[in-house]
Every structure is written in structure tokens, then in C-alpha cells.
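Each of the two complexes below includes chain A, the first together with chain B, the second together with chain C.
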Partner chain A sequence: MTQKKDALLYVGPATLFLFLVILVPLGFVAWTSLHTGDSWSFAAYTQLFESVLFRRTLWTTFEISILASLGSLLLGYPVALHLARVSARKRAIYMVLVLIPFWTSILVKSFAFTVLLGRSGMVNTFLSWLAGSPVEVPMLFNRLGVMVGMTNYLVPFVVFPVLASLLAIDRSLYQAAEIMGAKPPRIFFRITLPLSLPGVAAAVLSTTVMSMGFFVIPALLGGRQDVMLSNLVDFYTRETLDWNMASAIGVILLGIVTIAALGVDRLQKFGARPRTAAV
Partner chain B sequence: MNDSTLLDPQARAYGNMRTVIVAIVLVFLLAPSLLVIPISFGGPGEITFPPRDFSWDLYRQLFTSADWVGAIMRSLRVAVLTMVIALLIGVPAAYGLVRYDFPGKKLVLLLVMSPILIPVIVISLGLYLYLSRLGAVGTVSGLVAAHVAYVTPFVMMTVMAGVKKLDPALEFASSIMGANRRTVFFKVVLPQLLPSIGAGALFAFLISFDEVVIAWFLTGASTTTLPVKMYSSIQWDISPVISAVSALLTFLSILFCCLSVWLQPSQRTE
Partner chain C sequence: MSKPVTALPRRRFLQASGSTMLAAAIGAPMILTSKTSRAAGRLVVVSWGGNYRVGVEEALAKPFAKEFGVEVILIDTPDLAKVKAQVMTKNVEWDVFDVVGPMGFTGSKNGYWEQLDPALFDSKDLIAPVTKDMVPFYGFTGGFCYDSKKHPEAPKTWADFWDVKKFPGRRALRNRASETLEVALLADGVPADKMYPLDIERAFKALDRLKPHVGKWVDQTPQTVSLVQTGEIDYSYTYTTRVKAAQEAGQTIDFAFDENLIGLEYLAVLKGAPNKTNAMKFLQFAMRPENQAALMNHLANTPASKKALEMVKPDVRKWMSNPGNPKHVVSNDMWWADHYDDVSRRFKEWALT
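Up next is the complex of A and B:
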């Protein structure tokens, strides 16, 4: 009995606070999405699925999220691999280099990219110098700008889980493979890659889920074709004051993310099982 | 293993290739954070890199603008309040969730961790609808409450990791020696947790200080925080002053990053 009372004393305040400040507002979103005027109705949802703007945005959100996630995997995997190979002391230094962008404000990065990727920005200046003639590649307010911004944000979220699963690989496997005469590519494809797959899967799914809710990067670095669901929520809430529609989009976004997160959870349990059994 | 790979020329070639790729990725990761520093010394003209001449003009402009200074002070106040409240509710909750079993524990854990999973735009919309009903949109207390809920899971993750490393025998021993529960928590548990609480505090402060989406929904014209001001400024009129703000934020991030690594040395080797 005292056990339970103690637990309540420790956990109670936070639980109550989050109930009032997270769960109740979520209830408001669900309630608002189902109320048009004074009565219950699915009008907002049917209206959304008939709207070309919503369907296009939904598609764009999926497309950008998946591409950004794969892009950051491509960039993050070699970094994780390198961190797993170097000595602990060097790894600490590299970790700081990955953590600095991780801790940097997304607004600072977005601002820096608007300067770097602009028409006469540093990247275009460099390309012009390489080409020997003026080059103006449009890199801002389009898909490329969004992808650059998003992968930059997501890479640390790939490095951490992949590094964890790379460090969990038994080193004697490498030694055995080398003694048997396996060359580096073979070692990579037969040992490193398959054994790091749980980390890779966790990284890809979690970065995809994270990307679904992105707001600042598509708003600041993207164009009109790169509007994502979050931006649409903002549009309906603040521009057209249609809280009904905004809430319905919020519920749909939450639904998508919840389903994906359940998938991540399943996958992690699935990935953890054979590994613990093997050890 | 390292010795044998050094002998094999093919392995060495792959190693070199990896180093080059990693260097390119790290430059890509760090460039936006670091380039704002030289840009911020470029003077009040057009934003360029590399800057044409060195000057403190942008910083002077920043600190003489009542608007910007007001936003910075407001963000500081919100971040400090958020940090304190999040620690007050998050640290005991983290301890309780690791040490005690009670019915509904999984649900409680899901609830307190949910702000990490739920898209921040949905949280912002919900709070906007909720607070506009209460007439609290645009108030500092509304924003602080929202930020506390948003950062508490990050505080709890850090502190829970710390509690898991504690030896329960110490708490047990002190209670056998006659210490009551309060003494055990304050004299035995808290002192050992200080590094993780410190790291959690850093997280709470910086996340709140940099947070833009919730603040974008919940602040009014007179309660604009620094990130909201930056956001609308980048979107509508890129004023060169932003580069000075950005450089200051980058310094803050580097400082916090180093502090967090110093506070949690175990994470470096794991």
C-alpha cells in the first residue's frame, strides 16, 4: 500500500500535468475535427479527401519523408561505420562533431541554407568557379532545398542507432572473416551490413516518422509544391481560420504517425529477439 | 584487427575512401552551424560569404533593437521557467517510474513520453484550441505550460537512464539505518543523480529556448519569443541581424554540447 502511495507521490504530478497539457488538448483536436456547427459530422474528413490540395499534400508528405529518411541513411551510415571503427578517444571527438549540428537550432540551419543555397550564394559561386561561367542552379524554395535541410537535420538521428548496432557486433566475427581470407567488400556485405540492419530499420522508420511532422524546413526552404501536412494545418488554423479542417488534418497526421510508430516498436522487438538469443 | 587491416592495401584503400566520405558528410553537417559565425561579422550590407569586411555592426544593431532584445529576454525567461518546472515534475517521476511498480505503469509511461512521438504541430493545434477557449493564447504562462509538457519527456529519459545506473543497495542500506523516504531521496538519490539532472536541465533549457512551432501558435504580438521572431524574419524579410542572432545561438549550442558531453562521459564510450 505504501509502495503505491510512494509511486503516486513521485509520478503523480508529472502524470497529471501531461494529462492536462497534452491529452486534453488532443481531445480538443479530435472533438473539433468531428464538429461542424453544433452537430457531430464527418464533413471535415469527406471534404478533405475530396480536396485536391489535401491529397497532393498528403502525397508530398509521404514522398519527402521517405526520401529524406533514405537520404540521411545514405549520409549517416558511413559516419556511423567510421565511428564504430575508430578508437574510443577519437570516437568521442567525432561524437561532438555530430552532436553540434544535433544541438543547433533548426532556424539557424535554415537561415544558413538560405544564404548558402541562394541564387548568388556560396554553392552557386563555387559551381560558377568550377564551370568557369556563371551558374545559377535553383536550390532554394524547391524540393532540393527541402531535402538538403531535412537530411542535414536527420543525419544525427541515423548515426546514433546505427552506431549502437554496429558496436554490438562481436569483433571476433571480423577476425574470423579476415583469417578466412574475406576481402573488405565481402566482410561488409556478409557481416557488417546484415548485423546492423536492426539499427538501420530503426533509423529509417524513426526518421520517416519524424519527417512527417516537419514544419519549419518546408516552410522556409521549400516552395509551393513542397507544402507538407503540418504547413496545411498552419494554413487552415491561421489563414482561413477553419479549425474544423485543421483538426481533421491533425487527427489524420497523428493516426499515420501512430501506426508507423507501432511498426517501429514491433520491428525493434523483432530485431532485439534473435540478437539477445544469440549472445 | 587494426594491424591486419593496415597490412592489406585493399583494406587501406577502403579505409581512405571511408575517411573522405565521412569528412564530406561532416562538412555538410557542420557548415550551416559554423558559417553563420563569419557571416555575422560581415557588416550591415548584403548578406554574403565570405564577408567583405570585419565589423561588429550587426551585433550593435541587434543589442540596440528593443524588439530583438525583448524577444531574447522573453525566450530566456520562458526557457528558465520551463527548465525549473520540468525538473520539479520530471525528476521525481523518472525515479518513481524506474523504482516502483504499480498498476497502469505502462499507460503512465506512454502518456509522459507521448510528446516525443506526437507531431509537434498537433500538440500546438490542440493547445491553441484549448488555450483560446481559456483565453490564454498569447500569455507567457500558457507557453511555459506547453513547453514544460514538451520538454519533460527529454528530462525524464536522461534522468531515468541515470536512475537505472544507481545501486539500489545504497538506498536500501540508508533506509535500514533509519533514514525516512524523504531523506533517502534528497540525501542519497539526488546527489548521485546530479550529472543526469544537469544534462536534463540543459536539454530542457535549450529545447524550450529554440522551440518555434508551439510558440508560433501560442504567442501574440507582444509575447513573441526569439525563435518566432527569427522564423517570421527569415520568411518575410531576411534582415542581416539574423546572422548575429544565429551566431549567438550557435555559440550557445556548442557550449551546451560540450557541457552535455562533460556531464555524461559514459555516453562517449558506449
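Up next is the complex of A and C:
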């Protein structure tokens, strides 16, 4: 009983704070999405699912989020793998290199990318120099530009959880595998990769969920077809002042993210069972 | 009350104090803000940032504070969504709002502005009529810009802008229906004085033709010029004020003055503004010809006061368009107020396909 009381003392204030700053506004958003004029209705939702604009944007949001998440995983996993192998001192130094871009403002980075990726930007200038003839790879104001900007932002969010699960692997497993004569690729696929999967799942989930709410990068680096749900929310909130629709999109987005989170949670629990038995 | 406080059951005490604190926590910000902003001699003006802010501060805010003894607080970026939130929750913190035409009329339709007394302004001196709740502040000039070093033989009209054979290169337009539909119709040969009501079908057909050649549909205004500076775009829709700033920074950016779109900027007072009397004084002050001229020396837009035009410095005056020129389109904000939502949505859908 006293333990329960203690817990309440520690957790209570934060819970109350979160309740105020998250649940109350969230409730208001849900209420706004269902309240047209003076009555309750699902009009905003039915209108959204009939709208070409919304359906296309929803699809684009999925596409971009999943691609960006997988792209960051491909780039971030080797980084985490390397960080896990070096000594603790070196790791601390390399970690700074991961953290600096992570701390840089997303707006600053997006504007920097327009200079780098432009028609006569640094990358194209370099490619032209390599090829010996003018090269103009379109990298800006299209899907590629959005991908570069987003993966740049998301890589640290892959490195941290994957590194954590790599570091948690028992060293003696590697030694045992080596003694039994396993070659490095086999060790990677039989030990490292499976045991890092919880970190991978966490990374994929958090990057996908984060991508779904991206706003600045698609607006600055994307083309006309790279409109994401948050850009649509902005359009309904500030341009047409239709908060009914904007709230409905917000609720749908929240729903999708919740389902994704619950799904990954299940997956993780399911994956954890046989592994513990094997170890 | 005969019971001592200690006899109060603990749970009830916690409940009571908790709910008081909760109420205080929710209510405190509102009480605090409304109290401070209601203090005498204050005025909150929402205006645009950057150089614009400097202009408003020097030409209007400081002289106004000196003359009336009112402290003027400038806030950047007028956002109609925030106005809606303030008026809706009856927690108004802003007084004066500097607003673009279509946005202003939307606010007017929704009842976000205080009524204005027309006697405050010299209506004969203004380039556009004072509405029931907004006064025209100045006109801004939209057209297209290009790098004159890269393109010495530049396009002059919107028909040229659409002519990708004669003037090859990438274009940039705004990612919104207003302004973009007008220039599309100009390019398609609609005379400036027959622009409204807009022939939407015809405008989208004209836009279809240019679509493959548009490299960027711009959301952020600074990009309209910066993309030309970096050579990403050859011809971009932009405003005279942006080109003037680029030229002053030593760039070879030029502006086509032949066919322009003139949009109107308005001043309005928020409904329930805490410093309403000062706000009305500020509107009147901002519309005095000498103050208009002083502000336009900074902003290089076209003053709404005709008398002010002659008082503006000659080197600034060359950047101003004449709303009386029959080749220029003056944006019809009343039309946009009625059609903005539908046409905007259609424009977004069109852009995605």
C-alpha cells in the first residue's frame, strides 16, 4: 500500500502535467473533428475519404515515411555496427559526429540542401568534374530531394536504438561461435542481426512515425507531388480555416500511428519468446 | 465551519485543493495576459518580419509612441488561424493586424474584425475603398524576375513567360491559386480589365501547358528570389520588394514591369481587441500621407494614399507600379473571399496529379 502511495507521489505530477498538455488538447481536436456548426457529425471524415486530395496525400505520406525509414535503416545500421565494435573511448568521439547533425536545425539543413543538391549545386558540379562533361542530375524538388533530407534527419534515430541492442549482446556468444568455427558472415546473420532486431524494430517504428508528421522537408525540398498529411493539415488550418477537416486529418494520423505502434509492440513480444528460450 | 481543518478527510482535502490548482493552472495564463495587455498606453501590432519589421518600427511604431505616449509592441507574421483561435476563445491579445487581401476578406466574412468609422480616413485620397472593417494600407506588385546576366534577352509579358520555345528554361510559380490563376489568364490573353470573375477552366488549361516546365511551386516567399540567385530557376514569380533587396545586395536580378498583378494589403483591428481606442488611432496615423510615404521609403510598395506617392523618394518611386495602368491587374479580393476555399482545394488537387 505504501509502495502504491509512493508511486503516486513520484508519477502523479508528471501524469497530471501530461494529462493537461496532451489529453485535453487532443480531446479538443477530436471534438472539433466531429463538431460541424452546432451538431455532431462524421461529415468531415466522409468528406475526407471521398476527397482525391486526401487519398493521394495519405498514400504519399505512407510511401515517403516507409521509404525514408528503410533508407535510414540501411544507412544507420552499419554506423551502429561500427560504433558497437570500437572501444568505448572512440565510440564517445564518433558519437559526437552522429549528434552534431542531430542537433542542427532542420530548417537550416533544408536550406543547405538546396545549395548542395541544386542544378548547379556542389554535388552536380563535382559529378560534372568527374564525368568531364556537364551533368545535371535532378535532385531537388522531387522525391529524391525529400529522401536525402529525411534520411539525413532520421539516421541518428536509427543509430541510437540499434546500438543499444548491439551493445547488449553477450560477448561470449561471439567467442563461442568463433570456437565452433563460424565465419564472420555467419556470425552476423545467426547472432548479431537476430539479436539486434528489437533495436531495429524500435528504430523502424520511431522513424516511420516521425516521418508521418514531417512538414518542413517536403515543403522546402519536395516537388508538387510530395505533399504530406502535415502539409495538408497546414493548408486546412491556415489557408481555408477549416479546422473541422484539419482536426479530422489529425485524428486519422494519430489512429494510424497508434495502430502501427501497437503492431510493432506485438511483433517484438512475439519475437522475444523463442529467442529467450534459445539463449 | 466549526470543524477544525485537520479534521477534513484527507482525500476530500486533496480533491478540493487539486481542483483549485487545476482551475488556477488553466485560468492563470488568460488572466495574466489580459491584465498586462489591458494596461493603459499599450498597443500590439502584428506585422511581417525582417526588413519589413524595421520599416514599420521606424516609420510607424516609434513616431506613434512619441506622439501618443503609447508603447507599441510589434509581433511577426500575421496568422489568420491564430486570430481565429483568439476570437473564438475570447482571449484576444493582438490589436492591429496587417493583412493580405484574400486573408483579410476571409476574416471579414467570419467576423474577426472590429467595425471601422469611415470618417477616420480621407477616402478620396485612397487607391481602394475603405470597407466596413478594413482600410487599404498599400499595394504590392507581383511579376516575374530573372538573372539579367544569364538572360539578357528576357521575356517581358506573361505570354512570354508561358512561351517555353522562345524562352527556354525552368519556371517557378506560387503554390497557391490566388495570383497564379491571374497570371495564367494574362498569359492566355485575357485583358487586365476583364479579369474578374476569373475564368477558372481557362486558367487551369493554361496552367496545364506550363506545368511540365515549372521546376518549383513555391510556398516560402524568400524562395521566389533565392532560387533565381542560385541558378535553380530561370524565371520566377516574385515581388518588386524582393528584387529591390536582391539588387541592393549586388545581384543581377531584374524584374519585368510590363504586366503586373497588384495585390492590396489592409489594416484591421481584431474583434475584442484589448486596446481598441489606441488601435483606431494607429490606423488613422498609418494612413496619414506623410507616414505612408515614410513607410514606403522602407518597403518600396505602392502607398494607398495618392498624396503620399509624390512624397516618396525618387529612387524608391521607380519600384512602384501604378494601379491606374490598364495593363496591370488589381487583385479582386472580394471575388477571392467568395471562392478562395473551393478554388484553392481544386488547385492543390490539380498540382498533385
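Following the convention adopted for this analysis, the second predicted complex is superposed on the first by the 242 of 279 C-alpha atoms of A that agree within 3 Å, B and C clash if a C-alpha of one lies under 4 Å from a C-alpha of the other, contacts with A are read in each partner's own complex, and residues count from 1 in each chain.
Keep this in mind: a residue touches a chain if its C-beta (ideal position, glycine included) is under 8 Å from a C-beta of that chain, and two chains touch if they have at least 3 such contacts.
None of these values were measured; they are calculated from a predicted model.
Superposition model on chain A: chain B and chain C are shown in a clashing arrangement.
By the touch criterion defined above, A:Leu48 lies against neither chain B nor chain C after alignment on the C-alpha atoms of chain A.
In the superposition on chain A, A:Thr57 contacts chain C only, with no contact to chain B.
In the superposed model, A:Ser110 makes contact with chain B only, not with chain C.
In the superposed three-chain model, the partner touching more residues of chain A is B, compared with the other of chain B and chain C.
When both complexes are overlaid on chain A, the residue A:Leu140 reaches chain C alone and has no touch with chain B.
In the superposed pair of complexes, A:Leu220 makes contact with chain B and with chain C alike.
Legend: residue contacts after superposition of the two complexes on their common chain; A:Arg119 is shown touching chain C, with no touch to chain B. Once chain A of one complex is fitted onto chain A of the other, the partner contacts of A:Pro25 are limited to chain B, with no touch recorded for chain C. Contacts of A:Thr237 after superposition: both chain B and chain C are touched.
Among 26-34, 80-88 or 116-124, the region of chain C with C-alpha atoms clashing against chain B is 80-88. Chain A residues 114-115, 121, 219-220, 237, 243 lie at the interface with chain B in one structure and with chain C in the other.
Residues 20, 52-53, 56-57, 60, 114-115, 118-121, 140-141, 219-220, 223-225, 227, 235, 237-243 of chain A touch chain C in their complex. Residues of chain C that touch chain A in their complex: 22, 25-26, 79-81, 84, 106, 110, 170, 175-176, 214-217, 219-220, 223, 226-227, 230-232, 340-341, 344-345, 348-349, 351-353.
Across the complex, chain B meets chain A through its residues 1, 4-5, 8, 10-11, 14-15, 18-19, 21-22, 25-26, 28-33, 35-36, 39, 47, 49, 88-90, 92-93, 95-97, 99-102, 108, 111-112, 114-115, 117-123, 125-130, 133, 145-146, 148-149, 152, 156, 181, 206, 210, 212-213, 216-217, 227, 230-231, 234-235, 238, 242-243, 246, 249-250, 253-254, 256-258, 260-261, 267-270.
Against chain B, the residues of chain A that register as touching in their complex are 3-4, 6-11, 13-15, 17-19, 21-29, 32, 75-76, 78-79, 81-82, 85, 88, 91-92, 94-116, 121-122, 152, 155-156, 164, 167, 171, 174-175, 178, 183-185, 209, 212-213, 215-216, 219-220, 229-230, 233-234, 237, 243, 246-247, 250, 253-254, 257-258, 261.
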